[in-house]
Every structure is written in C-alpha cells, then in structure tokens.
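Two complexes follow with chain A in common, the first pairing it with chain B and the second with chain C.
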Partner chain A sequence: MTRIEEILKGIRPEFDFANSQDFLADGMLDSFDMVTLVSELDQHFCISIAGIDIVPENFRSIPSIQNLLGKYGVQ
Partner chain B sequence: MNFLFSHRRVRGLLAIVPAHERSFVDEMANFNFPRARSLKLKEVMGYGRHRLVDGDVCVSDLACFGLEKLFENGLLKREGLDALVVVTQSPDYFMPPTSSVIHGRMGLEKDMLCLDINQGCAGFVMGLMQSFLLLDQPSIGSVALINADVLSRKVSSKDRNSYPLIGDAASIAIIERSEDPAPIHANLMTDGARREALMIPAGGFRLPASAETAVLHDDGENNLRALDHLCMDGAAVFNFVQVEVPPMIEALLEFAGTTSADIDYFLFHQPNRFMLHKLAERMKVPYEKMPANVVEHYGNSSGVTIPVAITHNLGKRMVSKEVRACLAGFGTGLTWASMLLKLGPLDFCELVEFS
Partner chain C sequence: MRALTQIDEILALVASIRPNANRFVTNLFASREQMQQWADRGALSVWETERGLLVLRRDRDLQRLYHVAADAAELAPLLEVLSATGPPTEVVVDLIGISGQNEAVASAYRAHGFSDYAKLLRMRRLPPRATHRQRGNSPPGFASPDDLETVSTFLGRVLDRFRDQIPDADELREAISRRGVLVERSDGAIGGLLLFEDTGLTSLLRYWYVDPDRCNRGVGGRLMKAYLGLCPEQSRNLVWVVRDNVDAIAKYRHYGFQEDSLTDQILLRRSTLG
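Up next is the complex of A and B:
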C-alpha cells in the first residue's frame, strides 16, 4: 500500500481506494474529507498545497493526487 | 470597483455574542458521521465552541442590548445619532426593516435615517462603505453601523457542513468624520452568477416556506437539511475565496501604493481556520498578522466575524493604539470586498455577552 493510500484509509477506512478511478463519484470522499486529506498531505510531505489547487479534479484518484504532489516536488 | 474615502473614522466598536456556549464535541452525536472522522475535521477546521442564540432571539434583541450598554456607559448619546445602518441576512421581519424595529425600541429621534442592507460575509466592509458615503451629507455627523446575524436559526442541526461553524453575533461601530486626511482605500466585486453557492432556497417570495420546504433530505454527503435551511456548496465557496481574495488584496495594496509589509493586521472574515491559513500562505502573510481564531471561540457569524476578530484579538489595545488594518469580507452574493484604513485609538473596543 502506498503512503497516499494509507492516508486515504486513515480518513475513510471502509473503502478500497486502489480500485477506484473516481473517489468523488464513487462516494468515497466528500468535500470535507478533501480538506482533511490536504491537511494530512501537507503535514506528511512537509508541503503546503495552495488553496487554488484544492479542487475536486486533483483528488479523484491516486494518480491525480500523485500528479498534484509532483507539482510540489514530491516523487 | 475601487472606492476612496478620507476624513472618516471608526470611533468605537462593540461586539455582542450570546452568552450560551455550545461545544462541537457535545454536538457530534447529532451528525451522521463516525466520531473519528468528525474529530479529524475538528482539528483541521478549528471547530471548538460556538455561540448561538436561544429560542426566538432576533437581531434587534442583540442590537438593542448593545446600544443600551453604550447609552448607559456614556459611550454614545441617544440624541447624537443621525443614521442607523443595519446589515443583516436574518431580519426580524420581511417588513418593516430591522433598522426601524431598533429605532422604535430604542426611542430614537425621528429626524434620522434608518437603512437595512441585505448582505452577508462582506457586509461589515460594505456597511463601512455605506456609512462613509452617508457622512458626505452635512446633516449626518454620526452613523451607528449595526452588523448582526442569528443565522443559526436557519441551519439544520444535522448538517455537519454548516452547523459546527455557525455562530450568532452583533456589532455596533460608530462612524464619524475625522480631521485626519489620510486616504481610506477600498474595493468590491460581485458575481451574481454564482449566487446559489450560498443561499437559503426557501422562505422568500420565490419559494415560500411550506410543509414541503421543511422536509429534511440527505445531500448525498450524509448531511440532513431542508430547503428552509442555509445551504453552502463548501467546495465552490472554498475555491471562490482562494481564487478571488488574494488578487483583490493585491489590487487594493496597489491602489493604495503600499505593500503587505506595511499592514499591521489582516482582519478578515472568519469562515474557518483552514481557509484563512491557506489564504495567509498564498498571500505570504504571517499567521500572526491574520487572526484565524474566531470560529473556534464563537463560530462564524457572517460579516460580524470582523468586529469579533478585532475585539477578541486586539480588544483594549485598540483604545490606546493605532493600527494599519486591511479588512476583507467574502461570501454570499457572491460578493467580496476589502478596505485599508487606520483603526484606533478607539473610544471603546469591547466584546460583551448577551443574556
């Protein structure tokens, strides 16, 4: 399990995030979970995700989150 | 749109909050969410305690309580007021205006202008603009700007998106002319195309309140609310604030020919801690200069959070000190407005409890 998956599981333990292509459409994350997720990603990777990047498109799937983190230098 | 004023000042500021304090932890059982998930959100958003009115307490009750206190303590003369501007989204009635209700209850003079403004989170800044404009008239020398809301009465207690952060409060700012020619810069923007991001769908003339509009429904995120309740598209509002507010402040500073380093405090509307910290980071403003603690102590009372932030965080210091402040409000409309001005020394700057 990747670190991103672990963080997602910490927020919504009941879901299998690896098998979803759209967490929002599948009802696995809501807008307030997204805020919690950003806070945990900020803390864990020592980054500060800009407010303008906190949009649903960046949190739909593990690849989209990886892509966002890449923008902040997280490999 | 830019605005420029001079020879205007805030003479004093009083904030009024209900004495009854509720705690998010105590209320968590109302929400259809696992406890752990709610606790995580509490940490991120800064949910803690909030102040809500009991029963049928209205805006005019909070406002009259505050005015009476100012009269009793000799901080305001009943006969010296020329205008009463009331900014609220939760009026006592559709008609008459809440300013008339307050005027009548306080026994104020007839030779006076009373005006209601229906505005929310940008309401305090807009109220200041309107009060400054009224002072262009020679017959108006003193304006009582009352910003007040009791919106908790329109929020579902089973709506975890809105209920934990809502707060009720009122403020009274006394606005007068000043000898000081220092410019006061302000700007304001409106986007009515996004008006549905923050609204109470039913209860007006478009969709009158009925048995149907009172029925609770699930919003798809386990929040239960009715059409009679306040409804906030959290993601849309968050994005609106992050996209629109920093350029607005940048434009204001440019208009004023100054930089953020010259500002002592960024006294912004208080939606929640997370949103304010993200704004501060984007604007490269230290957290200490942008208080973000109103929601955790009192809740979000729309535009009134600015006077609550001032009285809670700066309080008595404002009676002896002058600060260069940048105010900003953003919310329903959608409307966003900001103002750069010198605040203080004030004749009074206090937060009191309504009981």
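Up next is the complex of A and C:
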C-alpha cells in the first residue's frame, strides 16, 4: 500500500481507494473530506498545499494526488 | 452587492482569487448544480474584492453567508461592507473544518457582529454492520408526493432555522421523488421521519426526528433500522449532530456511528432591525 493509500485509509478506512478512478463521484470522499485530506498530506509530506491547488480535480484519484504531490517535490 | 444569476461568474471570481492565495479560506462547499439552483431562484447576491468574495443566499427570512478569500485577513474589508450595506435580516455562517482550524476565520466574523450559535460534529458509521430487523408495528415507508405539505410542516416544527438548513419545497419534492424520505405514520399523521441523501457509496442522514408527542414508542428505532436496511453493505453513513446533544450522540453511537474529525461552527449575526 502506498503512503497516499495509507493516508486515505486513515481518513476513510471503509473504502478501497485503489480500485476507484474518481473518489468524488464514487462517494468515497466529499468536499468536506478534502479539508481533512489536505491537512493530512501537508503534515505527512511537510508541505503546504496552496489554495490554487485545492480543487476537486487534484483529489479524484491516487494518480491525481501523486501528480499534485510531485508538484511539491514529493517523490 | 449585486444579484448573481450565473454560477460561472462565481467560479471565475474564485479562480481569480486562488492564484494569489497561500492561506485560501472558504466555506463554499456547495456543488455547482446546487449553486445554480440557488441562482435560478434569484437567491444569490455577491460582494467582491480582488482577494475575496462574499456570497449571500436568501433562505426563507434569513441569509446564509459564504466566503472565499486569499486568507482570513481578507475577510475583514468584506465583512465591513456587509455591516454597512448588507441586509438587516439575520445572517448565518457555517464554518466547516477540522476542529480548531477555523479560529482565525471565526474571529473575523466575531469582530463584525457575529456570535457563536451552535457547533455540530460529524459522525460516521462504518461497515461491517449489524443486521437490523423490523419487529412488530407497521414498518416505515417512503413519503409520497401527497406528503409534501405535511413533511414540510413537520420539519418546520422540529428544525432550528439558524442551525439547520431546512429543505424548501423544491428540495423536498426532489427528495421524495428519489425515495429519500422515510416516514412512520400514526393515526393519519406523521409520527417521525428520516431524510437522507445518497452519493455513490456515501449516505448522508440529514434529519431523523420523531414527533415529540410520539416519543418512547419505538418510532425512531424503526425509522433508523429501515434506513440502515436500505444501505448497501459497503456504504458509509454520515450525520451532523449538535455537539452538546449528548442524547442524540448516544443514540447514533448505539447504531454504530462514531465521531469524525470535522466540525461545523455556526455563527449568527442578529437582525439589525432592533
């Protein structure tokens, strides 16, 4: 399990995020959960995700979160 | 302040604020569809600066306020304009986030005539779940279009107009048509109801109320069991509950809900009409 999956599981342990291509459409995350997710990603990766990046498109799937983290230098 | 009819206008304003925002703050979590419905009803008006935006939504006889700002400090000039030229009615703002993280925003509101009204916390229910079977009495059923008026009156009686976002007739009609309202009837009246909304694997339990005259007759339990029986095994259930309502929290815990990390801090600015 990747660190992103672990974080997602920490927020929503009930879901299998690896098998979803769109967490929002599948009802696995909502806009309120994004608040928690941003906070968790900031803490775990010692980054500060900017407001411009807090849009649903960046949190729909594990690849989209990986792309976002890549922008902040997280490998 | 100006009326707003096209949601694209709000989205464009938000997009112009985001690039300069290091500590972006907002409480505007409504979907595009929901916002467009509000705009179509002529319920929205807006104030804007280069680094912030206030959206007012008329909700019956009060206004609900949403903000989008580059940081919490940018709210002050907007709230000053609201104080000086805004409507004299009650204004309610919901600050949703992880407990304690909205304090700077809450302080900005308090400095402009708002005071704390209530705090809600979110609870969630995870699988695996116990099987809930109905026993005795007639089980709750779905509300029908003919129940619209009765359901509306019932909710108007039990809900708090500041704390709760009371569904209007259009929302209730839609909820009834998608079988999102369970009712238990008693002597031709509604003894209790449970209103919910499903999105994918998530079911949000919006309201679960029993007529105060029919308490302690198992009405609430039958409604909850009927609701949980409708939810797929893999789904999660969410509910917002008043933090100080220990009885309600205990009931939700009984059905397997646990406290989440999110809170909704509700602040109210009283009417300036005196």
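Operating definition for what follows: the second predicted complex is superposed on the first by the 75 of 75 C-alpha atoms of A that agree within 3 Å, B and C clash if a C-alpha of one lies under 4 Å from a C-alpha of the other, contacts with A are read in each partner's own complex, and residues count from 1 in each chain.
One rule holds for everything that comes next: contacts are C-beta pairs under 8 Å (C-beta built on N, C-alpha and C of every residue); 3 or more make two chains touch, one makes a residue touch a chain.
This structure is a prediction, so every number in the text was calculated from the model and none was measured.
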First, second, both or neither for A:Phe15, with chain B first and chain C second: second
Touched partner set for A:Ser39, first chain B, second chain C, both or neither: both
Touching partner for A:Met28 - first (chain B), second (chain C), both, neither: second
Contacts of A:Gly51 with chain B and chain C, given as first, second, both or neither: both
Contact residues common to both interfaces of chain A (with chain B and with chain C): 12, 27, 30-32, 35-36, 39, 48, 50-52, 54-55
Of all residues in chain C, those that touch chain A in their complex: 17-19, 21-24, 29, 31, 70, 96-98, 101, 122, 126-127, 198-202, 234-236, 261-262
Chain A to chain B touching residues, read off their complex: 11-12, 27, 30-36, 39, 48, 50-52, 54-56
Interfacial residue positions of chain A with respect to chain C in the complex: 12-15, 25-28, 30-32, 35-36, 39, 48, 50-52, 54-55
For the chain B and chain A complex, residues of the former touching the latter: 37, 40-41, 43-45, 160-161, 220-222, 234-235, 238-239, 241-243, 274-275, 278-279, 281-282
